[in-house]
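What follows are several structures.
There are two complexes below, and they share subunit A, which is joined by subunit B in the first and by subunit C in the second.
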Partner chain A sequence: MIPELGHFALILALTLALAQGILPLIGAATNQTNFMAVARPAAQGQFVFVAIAFACLAYAFLVNDFSVQYVATNSNTRLPAQYRFAAVWGGHEGSILLWTLTLSVWTLLVTLFSRHLPQEMAARVLGVMGLISVGFLLFMLLVSNPFDRLIPAAMEGRDLNPLLQDPGMVIHPPILYIGYVGFSVAFAFALAALMGGRLDAAWARWSRPWTTAAWMFLTLGIALGSWWAYYELGWGGWWFWDPVENASFLPWLVGTALIHSLAVTEKRGTFKSWTVLLAITAFSLSLLGTFLVRSGVLTSVHAFATDPKRGVFILIFLAIVIGASLLLFAWRAPKVGLGGKFALISRETFLLANNVLLLVATGAVLLGTLYPLFIDALDLGKISVGPPYFDAVFMPLMAPAIFLMGIGPFARWKEQSLPELAKRLKWAFGVALISALLMPLIIGKWTPLISFGLLLAFWVIAAGVYGVWSRLAQTPGVMLSRIAKQTPSWWGMQLAHLGIAIFIIGVTLVKGYETENDVRMNIGSTVTMNNYVFTFRGATQQAGPNYQAWVGDVEISKNGKLVTTMHPEKRNYLATGMAMTEAAIDAGITRDLYVALGEPLENGAWSVRVYHKPFVDWIWGGCVLMALGGLLAISDRRYRLHQRSAKASDALPVGSQA
Partner chain B sequence: MKPRHKKLLWVLGGLSLLGVATGLVLNALKSNLNYFYSPTQVSNHEAPSNRSFRLGGLVVDGSLKRQTDGLTVEFIVTDTANNIPVRYKGILPDLFKEGKSVVAQGKLGADGHFVADQVLAKHDENYMPPEAAKALEDAKKLNAGKAPKL
Partner chain C sequence: MLRFLAPFAVFVALIIFFAIGLTRDPREIPSPLINQPAPTFTLQQLQVPAKQFSPADMRGQVWLFNVWASWCVSCREEHPVFVELAKRNLVPIVGLNYKDQRPDALQWLTQFGNPYVLSVTDFDGRIGIDYGVYGVPETYVIDKQGVIRMKHIGPVTPQILQDKILPKVQELSK
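What follows is the complex of A and B.
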């Protein structure tokens, strides 16, 4: 009964989504207020029904209703309750439901925070989001229904993939989806602006906080995924350039370009067409990512071809979304006109260069991700593009972008003299260069790559510190009020840039100085690594809620003193018989110690991975700083103040047209 | 600077950046594409002898042997038509099992062994790496009627 209720709720949500997608757009085009007024209640009603459907599926999981196909495939009676809840998005059908729920939450937020917008703008934004929702609801109802019954019901479920039975996996998909789907708001704003023919600073100001919010969640989501891979996959890697990872990284790259381009559009009224194109691209790549991950095309192009319903649906949907928005762009963009002019050396140019570099990097990553699929689809053989390709392409493209990141904030809008810029920044560069050259010597090993990585990071930090210092020095008053007088979005920018630098330091030091040892350890034998002595005390069997585990006992000491005892596990999940490595990690600011059990050997010995990872946590720390920077930027009062004044001035032209 | 010159400068800058990027991509692709070969192709000497490639198929039951260092393992990969011995030093992934599919990356050694530097872990036990699935399929087509060597 409850699953049918969920199914029915999806159908009702679809009817409301249709109303939300069609009527307001007609209303905005023909200037009928009552049609436009449908947008808000329809969107809010749609949210209620999607939420009901989601709750029904969650309920089916919590009460182990194995008469629902999706529950029987992804759960088990012995699965702990929190993972039964997380199992709602452990498979394809539920992930799409989560996607749709996320979209309806974003739409709900737009209905709540768009009261200051001109009615036709709000109607168009909500209308576009309604149409996207129609696509996803149809997808579920036609080819991927999470409420499909299994008759007769299964006695026991097949269990959730053990890799996903982890707290990191409980929160990673929702956060990532909030980011992914959040770009739909930027997309909807861009299309609405195109339809209305008002690509102006006000439009950029409205879409900025939404875009930054989506970017912030995407940053956190990717970082969580990377962190999860690090501790859960059991071999200490944190990024693999795997197609699934690339699928989330591509919209991030374009989203990063978009938030910078939006800044130019808001401040200078220029880059307008470019910004719209970026908003379309960012959301299209989110959809493409969903397609790649959810259609099974990555597993095998041929498996996809034998059961093509889902993949073909998403592909058609993708084609419609991209095709329609590009058509609209081609039709309306020529009327947009150019914004303010700018000189060759100006802040605009620096931001343009950042955008171009980010986009070229996106193209290179996209090519590496899709190339094997094309080759396979054309039956030209099986190939894979290894991580070295991505490293070799991505690093050289990002290095100049990072270098410009230090300069950009100092450059003036419109025109900037290069000698003056050089004069202001020479000390920051000198300090960065000298410390980057010396630091590796102090740590013990010097290579050009380590120094270069550190140079980029120190350069960003030095330029940032100098920028903050000179800005504060120009502001009158006591220190505290000087800090408070800067806008939160300016602090947010500084913090996010600092986050990039911290991230680069983490990556450089881990790649440069990590020590990885795969060793055989007898009971009582030791491994010494960077002054840490690892002593293996054996492994014992223990029972978990739904698995049996070998739990290792590894003592770590330094200079004869016991530092900690680590307990890596080798689990065997009962329902699936799958083995899982649970690494033990002793995390620290300057280093992680990482121990994972390999395989049992004779006489209680084990093969063991013993890793020393210097500064690895800085990688995710940097991402958290970037996200915090985004949060600060959104909190800027400017957006709310401007919104209020925008309301007063924008109401006029709309009224006068009527 | 005249506006015309300025525009030319922009175009030249854009084109040179694009050129550099294309060069980077092509160069990196050339040296980092991993071609896949099945045991049958390796037996027929179709696989390169000096560069790294991927080998996929099933791990033959009972073929896994561990050397005394506890880390070096040898096993046989088959596509049911031909067998290739593989040597690997390191810890095998969780989902490595005899009788199950596997994909290994490495080079052919002088003694005819495939020396793997990476044995790939996959996220799900029921999932077969596409390369391994294709090797088995090809062998089946090739071998229709013939008795397998196992």
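What follows is the complex of A and C.
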């Protein structure tokens, strides 16, 4: 009965989504207030029914209702309750339901925080989001209904993929989806602005907090996925350029460009059509990612059982949504006109250059991801593209972008003298250069690549510190009030840029200095790595809720003192018979110690893999700083000031926002 | 106006590619090598570089030839299947360690187990070209006369092993 309620709730949500998608758009075009007024209640009602459907599916999982096909495929009676809940999005149908729920939550938030918008703008934004929702609800109801019954019911479920039975899995997909789907708001704003012919600073200001919020979640979601791969897959890697990873990274790159471009559009009224195009692209890439992951056109470690009908449906949906918005762009954007003029050397130029670099990098990653598909479609054979391509292409493109990142915040809008800029930044560059040259020597091994990576990071930090210092020095008052006088969005920018630097340091040092050792360890035997002595005390068998595990006991000591004891596991999941490696990680600011069990050998000995990973946590720490930077930027109260003259925004001090 | 249509044009091209892509199975790859003699080679063995191996050494038995590499993510997915298969002693598996490095490859085998009677090293990927290796992993079924009878691209799942590979091995072993 409950699953039927869920199914019925989806149908009701679809009818409301249709009302939300069609009536307000007609109303806005023909200026009928009563039609436009449908948008909010319809969107809120839609949220209620999607939430009911989601709750019904979660309920079916929690009570082990194996008469529902999707539950029987993705759960098991022995699966712990929190994973039974996470299993709701452990497969295709539930993932789409989570996507739809996320979209309806974003829509709900728009209905709550758009009271100050002109009515036709709000109506158009909600209308566009309603139409997107129609697509996903239809997709579920027509070809991937999570509530399909299995008759007769299964006695036992097939269990959730053991890889996904992990706390990371409980939070990674929702956070990632919040980010992915959040770009739909920027997209809807862009389309609404195109329809209304209102591509102005106000539009950019309305879009900015939504875009930053989505970007923030996407950053966290990607970082969580990477961290999860690091500790769950057991071989210490954190990024593989897998098509599905790329699918989440592409909207991030474009979203980053969009955030910066929106800043220019808001402050200077330029880059309007470019900004609109970026907003469309960011969300299109989110949809494209959904298509790539769900249709099975590419092979990936995230491969799912695929059904051609689903692929065709998403492709048609993709064609309609993106095609229509690009046509709308081609029709309306030429009339937008140019904004304020700017000189060759100006903050606008730096931001534009960064935008172009980000977009070229996006293109390169997209090309690498889709190349196997192109070649196959042209009957030129089958190939695969791996990390060497992505490393070779991505890093040279990002290096100049990061160099510009240090300069950008110092440049003035409109026009900037280059010698003056060089004069201001020469010390920051000098300090960065010298420390980047010396640091690897102190650590122990110097290579050009390590030094170059550190140079980029130190440059961003030095320029940032100098920027903060000179800004605070110019502000009168005691230090605390000087700090408080800067806008949160300015601090947010500094923090996010610092996050990039921290991230680069993590990547550089872990690539440059990590050590790994694969050893056969008898009980009591030791292996020494970077002054840490690992002593293997044996492995014992323990029973988990739905698995049997070998739990290793490894003592770590340094200079004769016990540092910690680590317990790597080798699990065998009962329902699927899949073996999983649970690495033990002793995390630290300057290094992670990472121990994974390999294979059992004779007499209680095991093959053990041991890593020393210097500064690896800085990779995710950097991402967290970026996200916090985003959070600070959103908290800026100017986004909540509804009555603002355009003059006031121009009067903001130079360097206030990038 | 025209330049504003460029994004749309690019998108239409993409959609066409996707539509064609949907009609293909990225894992299904026809091999011109089916029913052809397996290309010969003589390569160093991975564990014992002093020793060499050539397909002719396997004459008279049906065997699996599995292309793997330590950098290959999907190989980790299929590896337990081979480790299990090796325990059952049904068919010898020879590994082709493809575009890899010896220490990495050896470490990989220590960590995940070694189901291979032996592995040969194809560090520059030349033999991979002869065998038409598109992506790793790939698995070939080679008969007693040294003729390739089947090729599977992508990770071997227990199901593929049971439904496709093992029946083929049994048929050829008669």
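FYI, the second predicted complex is superposed on the first by the 627 of 658 C-alpha atoms of A that agree within 3 Å, B and C clash if a C-alpha of one lies under 4 Å from a C-alpha of the other, contacts with A are read in each partner's own complex, and residues count from 1 in each chain.
The rule is simple: contacts are C-beta pairs under 8 Å (C-beta built on N, C-alpha and C of every residue); 3 or more make two chains touch, one makes a residue touch a chain.
Small disclaimer: the values here were computed from a predicted structure and weren't measured.
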Have a look at subunit B and subunit C on subunit A after the superposition and call it: clash or fit. clash
Based on the superposed arrangement, let me know which partner A:V468 touches: subunit B (first), subunit C (second), both, or neither? neither
Give one of first, second, both or neither to describe whether A:V356 is in contact with subunit B, with subunit C, with both, or with none. first
I'd like to know which partner A:A392 touches here: subunit B for first, subunit C for second, both or neither. first
After lining up the shared chain so the two structures overlap, which partner does A:V170 touch, if you call subunit B first and subunit C second: first, second, both or neither? neither
Touching A:E599 in the superposition: subunit B (first), subunit C (second), both, neither? both
Is A:A364 touching the first partner subunit B, the second partner subunit C, both, or neither of them? first
Can A:T576 be said to touch subunit B (first), subunit C (second), both, or neither? first
Does subunit B (first) or subunit C (second) touch A:L327, or do both, or does neither? second
Both subunit B and subunit C touch subunit A; at which residues? 233, 235, 299, 301, 376, 381-384, 386, 518, 520, 578-579, 596, 598-599, 607, 609
Which residues of subunit A touch subunit B in their complex? 161, 163, 233-235, 299-303, 344, 356-357, 360, 363-364, 367-368, 371, 376, 381-386, 388-389, 392-393, 396-397, 518-520, 576-581, 596, 598-599, 601, 605, 607, 609
What residues on subunit A touch subunit C, complex-wise? 233, 235, 240, 242, 273, 277, 280-281, 284, 291, 295-299, 301, 308, 311-312, 315, 318-319, 322-323, 326-327, 329-330, 333-334, 370, 372-374, 376-377, 381-384, 386-387, 516, 518, 520, 578-579, 596, 598-599, 607, 609
Note: in the complex, subunit C contacts subunit A through residues 1, 4-5, 7-8, 11-12, 14-15, 17-22, 24, 26-27, 29, 71, 73-74, 76-77, 80, 106-107, 110-113, 134-136, 153-154
Which residues of subunit B touch subunit A in their complex? 1, 6, 9, 14, 17-18, 21, 24-25, 27-29, 31-36, 54, 66, 69-71, 89-92, 94-95, 121, 123-125, 127, 130-131, 133-134
